[in-house]
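Each chain carries a letter (A, B, C, D and E) given by its place in the written order, and its residues are counted from 1.
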Amino acid sequence: MTDSLVLALVVPLAGALLVTALPAHAARIGLFSVMLNTLNIALLTLGVWQHDELQLALGDWAPPLGIGFVADGLSAAMLAMTALVSLAISVYAGDYFRDPARARHFWPLWLLLLTSLNGLFLAADLFNLYVNLELLGLSAAALGALGGQRTALEANLRYLLVGLLGSMTYLLGVALIYSGFSTLDFAQLAAQLARGDAAASGLLGATALGLMVMGLALKAALFPLHFWLPPAHGSAPAPVSAALSALVVKAAFYLILRLWLEVFAPLTTQGAANLLGLLGAGAVLWGSWQALRAERLKLLAAYSTVAQLGYLFLFFPILQGLPAGETRSNLFAAVTLMALAHGFAKSGLFLAAGFVQQQAGHDRIAELGTTLQQLPATTLTLALAGTALIGLPPSGSFVAKWLLLGGAMANGQWWWVLVLLAGTLLAVAYVFRLMTRAFGLEPTPRHFFTQARAEGPALLLAAMATGVLGVATAPLWHLLGTSGGLG
Amino acid sequence: MDAELLYASAGFILFVLGIWSLLLHRLLIRKLIALNIMGSGVFHLLIATAEHHGEPADPVPHALVLTGIVVAVSATALALSFGRALRGDGDD
Amino acid sequence: MRNSLEPKPQRSAALLVVVLLILLAGLLQWVYFTHAATAPGAGLTALAQAELPRSGVTNPVTAVLLNYRALDTLLELSVLLTAMLGIWSLGPATPGYQQAGAVFAGLAAWVVPLLILSGGYLLWIGAKAPGGAFQAGALLAAAGVIQRLGGDPRASLPNESAQRWLAIAGIGIFALVGLATLVAGRGFLDYPLAWAGWLILLIETFATLTIATLLTAAYVGGQPPPSQTTATPGMHRMQAPDRKA
Amino acid sequence: MEHAAPQAWLLLALWLWPLLLMALAMRTQWRWLPALGALPALVSAALLPVGTQLSLPWLLLGTELELDSIGRVFVLFSALLWLIAGIFVATLMYREPIGSPSGSNHFAQRRFNALFLLAMSGQFWALVGVDLVSFYVGFAIMGLAAYGLILAYGDPAARRAGRLYLALTVAGEVALFAGLVSLAAHSGTLTPDPSLLAAAGGPSLALILLGLGVKAAIVPLHLWLPVTYTAAPIPATAVLSSAMIKVAVLGWLRWLPLGAVTWPHWALALSIIGLLSAFYALLIGLIQRDPKAVLAYSSISKMGFLLLLTGLMLGQPDLLGAGITAMLFYATHHALTKAGLFLGLGLYEQNTHQRRTQQLLLAGLIFLALALAAAPLTSGAAAKYLSKPLLQAAPWHWLSPLLWLMTLTTILLMARFLWLLRFPASKAGWEGTAAHPTESSAHFELNLLAPFLAWGLLLALIAALPWLFAPASFWPTNSANLLLALALCALVLILSKRGRNPLATLIGRIAPGDILGPLERSAQRLRTQAGRFQPGQRSTRSTESTRSTDPTSASETALELKLRGWPVAGALWLGLGMLLLLLLLAGAR
Amino acid sequence: MMETLDSLLPVAILLSSLLPGLAIFMVAEDSHWLRGLLNMTGALVKLVLVGMLVWGVYHDHSYDAELVLAPGLSLVLQADALSVLFVTLSSVLWLVTTVYAIGYLEHSPNRSRFFGFFSLCVTATIGIALAGNLFTFVVFYEILTLATYPLVSHRGTPDATAGARAYLAYTMTGGAVLMIGAVWLQTLIGPVDFTQGGLLAEQPEALHGQFIIIFVLLLAGLGVKAALVPLHGWLPRSMVAPAPVSALLHAVAVVKAGAFGIVRLVYDIYGVEFAHALGLLTLLGVLASVTILYGSIMALSQDGLKKRLAYSTVSQVSYIALGASIFGPVATIGGMVHLVHQGIMKITLFLCAGNYAETLGVHKVSEMDGIGRRMPWTTLAFSVGALGMIGIPPIAGFISKWYLGLGAIKADMPWVLLVLGASTLLNAAYFLPILFRAWFREPPPHWPHEDIPRRRLETHATLLWPPLITAALCLLAGLFAAAPFSPLEWTTLIARREYP
């Protein structure tokens, strides 16, 4: 059962290697490995479902000497989302990168990205996470620049540098931790911190946490550190944008969540959490506002990512104030659900946007009416994704938002309610600014799908966010609810 | 003052200097150097951590530093390549 | 190198950055020294030493790199591979340098074999003393760099296809060994004690090649020219107008 | 539900039948349909034993149909009148197609027939439905369908009349609805008996009286009646003025707590209103130019008199039996006579070219006028006689002189009617018929003969009425008054022959509808003034005929447009929400 | 086994329109036959299932389906008498409107999209009706908003876009407020299951202040869809939608969803007695009364037929709220039965308006002179609907008014009678002139845009039959109000269960 933990890393890595070696068959091998990965993640999720938590000491070297892999509910959920999203993106990319010259660059980097994501969600070791982060950052930046235009290069170089700054800061935190606690393992570190031996080690731990979160927040594009995100995500090729927005920033967020709530939980304070929440609120408002003003579809999507990440950070201050219990575990599941829903929705949105861009030759929102009206499936995708972004039922984010509101009220932190309200309405505005163009006087399209291989995956992703996740949340709760340590 | 404390102290200073340079210099090459300086700062700290009086050096931080260096090299290489591509765009 | 990523920083912002950085530095120093003075971490020296006999090597650093924390190394190699792939994706390599003069060529003819030799040594010694795949690979890559500086546009690397295989060889062997142990029922990269030393050497050997290839390729800085035969400078000159067009 | 006798289903049939015919009338052109509608009602009223009941709990809110002694009288004369009017519709109205453009006449005829039958059905429903809802249903259907009867010709006068009629009718129905609902609420049943009615209290009774008052045209709710009677086609006017108006009387009898309570104040109030109504109508009627208007005002005055009787019954519950008899007879007499007058007038106006026929008709009309004026030996006198016990028992000494005056004036009014027939005051009053020239062919066929036969029958019935139902002692009633009135008439006649008619200056000063004219003028003035103050704003008149058809007038007021603006809507919402919250919070403490 | 089947039935009812709806999206534009088949199959299957449900609920069978989303948060579908009322209304009218829409949209663009969303709307409405707790209600309430938007902007003209935008702005804001209120309530008392008689009365008194605020929030959220003044602005503007949309959605589904929600709020969350005790009913009553009068007054001056009808809807839907605001079973009956009655009457009117527009190009009241001659059957149906709206017996509207009035007096709120009276007069003032024009004026020589020539019928059969059927329903619902299974009898059943 624990084999799947390693395979989660090895399968995409092996795929990447093969694709590197055999560029002529890149698309086929790539797709096959992603499928294999999905299968493996399914097994892994099943394992977590049954056993609550899967643990593995790599090479049989127990921490602190060795590296531990742990798959709990949260990891499994993120992994599952990643697997499904990457599968859809891969199918889509097979169509998108029809030019073999571009495909041979895309596939190996893409599989390496997948490797690093899987590694990130599984590793329970601070330094291993650093390496994964760097792998993620490099592959993401390289992928983002595949478009080759100057803007893409500039944006992704900036992304790369920002990422490096973030990971260096993170690494400093890791070094501090090692210097103080002589371990890099989550569980051991958490145990030491919980014991609270000395005030000084608490101080050190807190500083380290601060540094790590500083670094990760940069990578997670938390407002106002999001400056790099819109150009980078807006200029990348569609499948890459999808992966960047749906998965890559999510990984950084996942790490913050993991560190904050699990490893460093004894050190966190309400004030700090409030700061995160405040920044999240800023992200929600500013990101939505900018999305509303964006003139290009992909920019809109990118700013919307900024806003959506803000929602995720809103959970921190609320979770902070809650004692363990149903409300808290619900809320924790809600933040996961929100992340998943956004992952699916945003990837669907970007894939659809990419298709629209291909068909229209541009992505200026004001002039997209004609194209949108010709593409019913893609328009539906945009609508479904938009529904999830706004947080309307039957999307997963609706349920999450409901619980978030409930948490805020139960906590007496009613001001977040106002942020949510404003964010929701702004999201309505920017989503429907786009959807309005889908209605017009163009001739009726004859068929639902224009190009099933490009439109299908996006539609399925969006339907996953709005539809499946909106009603089938119970499995997620099962997955998370039984995972110890996070209650 | 112990050597490792000096190392650590230097490491912090290097780290901060690196950030300063990264943030305030506009040239890519300087930024990359700055990043490497930051890395060096962290590595200094790790080396300092490895030192335990009366014991052999802790191998783990050493290994971490080695890994870190490779990662830093890779990142630098990629970033430089970006810069070259950008320049090539402009010059040709 | 020019970089127009940012507008010229404002003076006030710069001042603020400086002040904040000073504060940060102060904070870090204070925290670290408070801590180091009161409760320094014990480190893992003892543990690493204690487990050394089970690692198959005698150099603790190599044990950490290739055994205790082998996964880090595997991923580190992947990072390097990513960098190379990224560099390749950004376009073809620049033509490179002119053919070197006699002095440089002579030097190269002397240095390159030496580098290869010392690389081999470092690789071998890595099991017992400081050294290992990265050091060895770096030396080999240095040889490649010298070749490149000497005018070889591919820095003595084989053609693209072979480069690709070389680039993945180390990682591939690493992963294969891991899979093999997995299939053998031991867990990923859980070497049988008897074979550990040899397996590590095998991995390190291929890792050396891969590191060398990757570093050299990164230095070359772009996708290798498509031609299978040795490229000539003339071809690059012919290509230049194409690119402009 | 216990099984009703098979013949009891006739109670359902008598109003369902016209409805079925109505469905037919929408499809076919057959002119005799309206006349057929009343047959089952006539048959059931004549044959069914009093007290026949039919419970239909599934219909509406639980329908109770019953032919009680009161209802039977109403059904009987109403059915007769609908039948005769139906014959007139079939024979007179559509000999010359109505409606101006040819081709649309069939439509107009079908429309008229259908609505005629619908109104008929409504009335029968109201007459036999003894529960609150059935009565209201029938009443409302009848009232609304009659609108279509008034509008048959669709000329501007008819439209104005129709509009007025509709407005007042709907208002009246609303009031009646409110009254009946509150009756039902207070009594807890849909078939309240008089004691329950008494318990329901004043407000509900007031509302019911208000609602019925419109139908009964009690001043000042009478505005619609003179206008309508002059504008509607003759058969429509005939049923409106005779059968339909009497439903209000039935309403009084049914829904006022007669016999159960002694309410002197209500008695006084109703009596005074009735008297005022009667006198007002008589005086206005005297100076009308149009014989139809004279008849219309006569109707108003008669209904005022019936209200007076009702009021007296409220004051003297022990006289209930006599009072009901009086009212039934009076209602029957008035219904038949008034219908006869209108129908006769219609025939008279249509046969202007045939002197002999006209003379015959005039004789008939004089007889009817005398009957209405309660000349001795006529049904009018009998009606007067029968109501005497009630009137004489009234505790108010001022009543008898007023009644005497009323009788006298009524005779004068009828004289005025006959005068107008003989010497038309102006051609203006004849417009309605002038627009519809008569058939000039001399040959008699059934279509031409039928109305005369029907009218003759009606006359015979009216003549026979007192002998059938009143004691012989009624004979001399009113002889003195009649003589006195005739003397007055002679005086006026002589004076006018000399060109010094004392009334000449008054004649025609007040148009049919009396205060309606001033009301309309002042409304118009208000409107124009309002328009002057809002130069930019197109007037948004609710009268459909004057509404602008300009597509650019978005016809949404400034307020609405402002409300639509976000800031306003949001601010209002929030403001109201806050205010409400504050109020509620303050209240909840 | 029976248990499973019982929980399956509500789900099946939901799916019977959801699945065809989803399938229709995929149907190629030219496959009219397939699309029609999907539509009709869905509608008929739903009707059969609803019939089973009615039978079951009448015999006190309980139907429950629960899908747990999270601890304390689940989607619950359940069928009580009240939901059955709304479900039956929606599914019957869905069938009618589908038939109509197939005829109406012949040759018009984007039919797959239209019918797909149309079915989704019905699904959402059914979901609202069957919602067993507040969360489920909010879920379907929002879905309804989303599914309606494409229908409002279906025509794609700038007008349609603007109307849809207004619609969205109002309903989304309302939805957000509703959600906040719902979450708040749930935070205070846990899952808010709709319970006959309400579930707040037993809560500690300290919470009562918050309950009042929550009530206002929920009411504001629901009031947007129920078009309570001043939250009604979207309704007249969404009249740009095709006639079937106006008919089903703005006469039945959307506004009714709001009204239905208010009924749920008063009876099954707060409990009518508790709401009464908090003084909330007065608030609701005043709001409803103002809406009734305001809507009618605005309707007076509208020349656009559909706009006039829209304002009439604003006014009429508040009768339901009014009924809920009067304490006592009789007014409850009046309000709830109006849910059905207003639905069938207004849909009749809208279908007729659609007929005029589609057949003759007549969109305005001022163009309707003599239209009764050209289209007698349609105009007859229109007349029945209009007269019913006024409250003329024996059409359905009368029954509602009767019970509302009766209830108001029993609750000692005679002023309601005044509102009813004034509203009746106003209704008459804006409907009767239309009837006058249609029946008594001369038709013009040419109609604005005569698209469908007169053959044997005045227009297409698929356009003609639906309004005739609904008009007949209006008459039947009024005439046989006291018969078993009539809307009135059914609401009486509900009221009996709400007031034990």
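Everything that follows uses one rule, which is that a residue touches a chain if its C-beta (ideal position, glycine included) is under 8 Å from a C-beta of that chain, and two chains touch if they have at least 3 such contacts.
Values in this document were obtained by computation on a predicted structure and should not be read as measured data.
Between chain A and chain D, the least number of touching-chain steps is 2. Chains that touch both chain B and chain C: A. Looking at chain C and chain D, no chain is in contact with each of them. The interface with the greater count of contacting C-beta pairs, when A-B is set against A-C, is A-C. Chain centres were defined as the mean of their Cα atoms; on that basis the chain farthest from chain B turns out to be D.
Nearest to the global CA centroid, when each chain is reduced to the mean of its CA atoms, is chain E. Centroid to centroid, with C-alpha atoms defining each point, chain C and chain E lie 70 Å apart. Distance from the chain A centre to the chain E centre is 41 Å, each centre being the mean of its Cα atoms. Our note on geometry: chain B versus chain E, Cα centroid distance of 68 Å, whole angstroms. Residues of chain C in contact with at least two other chains: 4-5, 28, 32, 36, 40-44, 48, 64, 68-69, 72, 76, 79, 82-83, 86, 90-91.
Residue positions of chain E with contacts to 2 or more other chains are 169.
Of all residues in chain B, those touching 2 or more other chains are 8, 15, 19, 28, 31, 45, 49, 60, 64, 67, 71, 74-75, 78, 82-83, 85-86, 90, listed in ascending order.
Shown are all chain pairs that touch, namely A-B, A-C, A-E, B-C, D-E. Residues 4-5, 27-28, 31-32, 34-44, 47-48, 51, 64, 67-72, 74-76, 78-79, 81-83, 85-86, 88-91, 164-165, 167-168, 171-172, 175, 178-179, 182, 186-191 of chain C touch chain A in their complex.
Here chain A touches chain B in the complex through residues 65, 127, 130-131, 134, 137-138, 141-142, 145, 150, 153-154, 156-157, 160-161, 164-165, 168, 171-172, 175-176, 178-179, going by the rule given at the top. Chain A makes touch with chain E in their complex at residues 326, 329-330, 333-334, 373, 376, 380, 383, 387, 390, 392-394, 398-399, 401-403, 405-406, 409-410, 417, 421, 424-425, 428, 432, 435-436, 438-449, 470-471, 473-474, 477, 481.
Chain contact summary for the complex, chain C toward chain B: residues 1-6, 8-9, 14, 17-18, 21-22, 24-25, 28-29, 32-33, 36, 40-46, 48-49, 60-61, 63-65, 68-69, 72-73, 76-77, 79-80, 82-84, 86-87, 90-91, 94, 134, 211, 215, 218-219, 221-222, 243-244.
Within the complex formed with chain D, the chain E residues making contact are 166, 169, 208-209, 212-213, 216, 220, 230-231, 233, 236-237, 278-280, 283, 298, 300-304, 330, 364-367, 370, 372-373, 376, 380, 387, 390-394, 398-399, 401-402, 405-407, 409-410, 414, 417, 420-421, 424-425, 428-430, 432-434, 436-437, 439-443, 478-484, 488.
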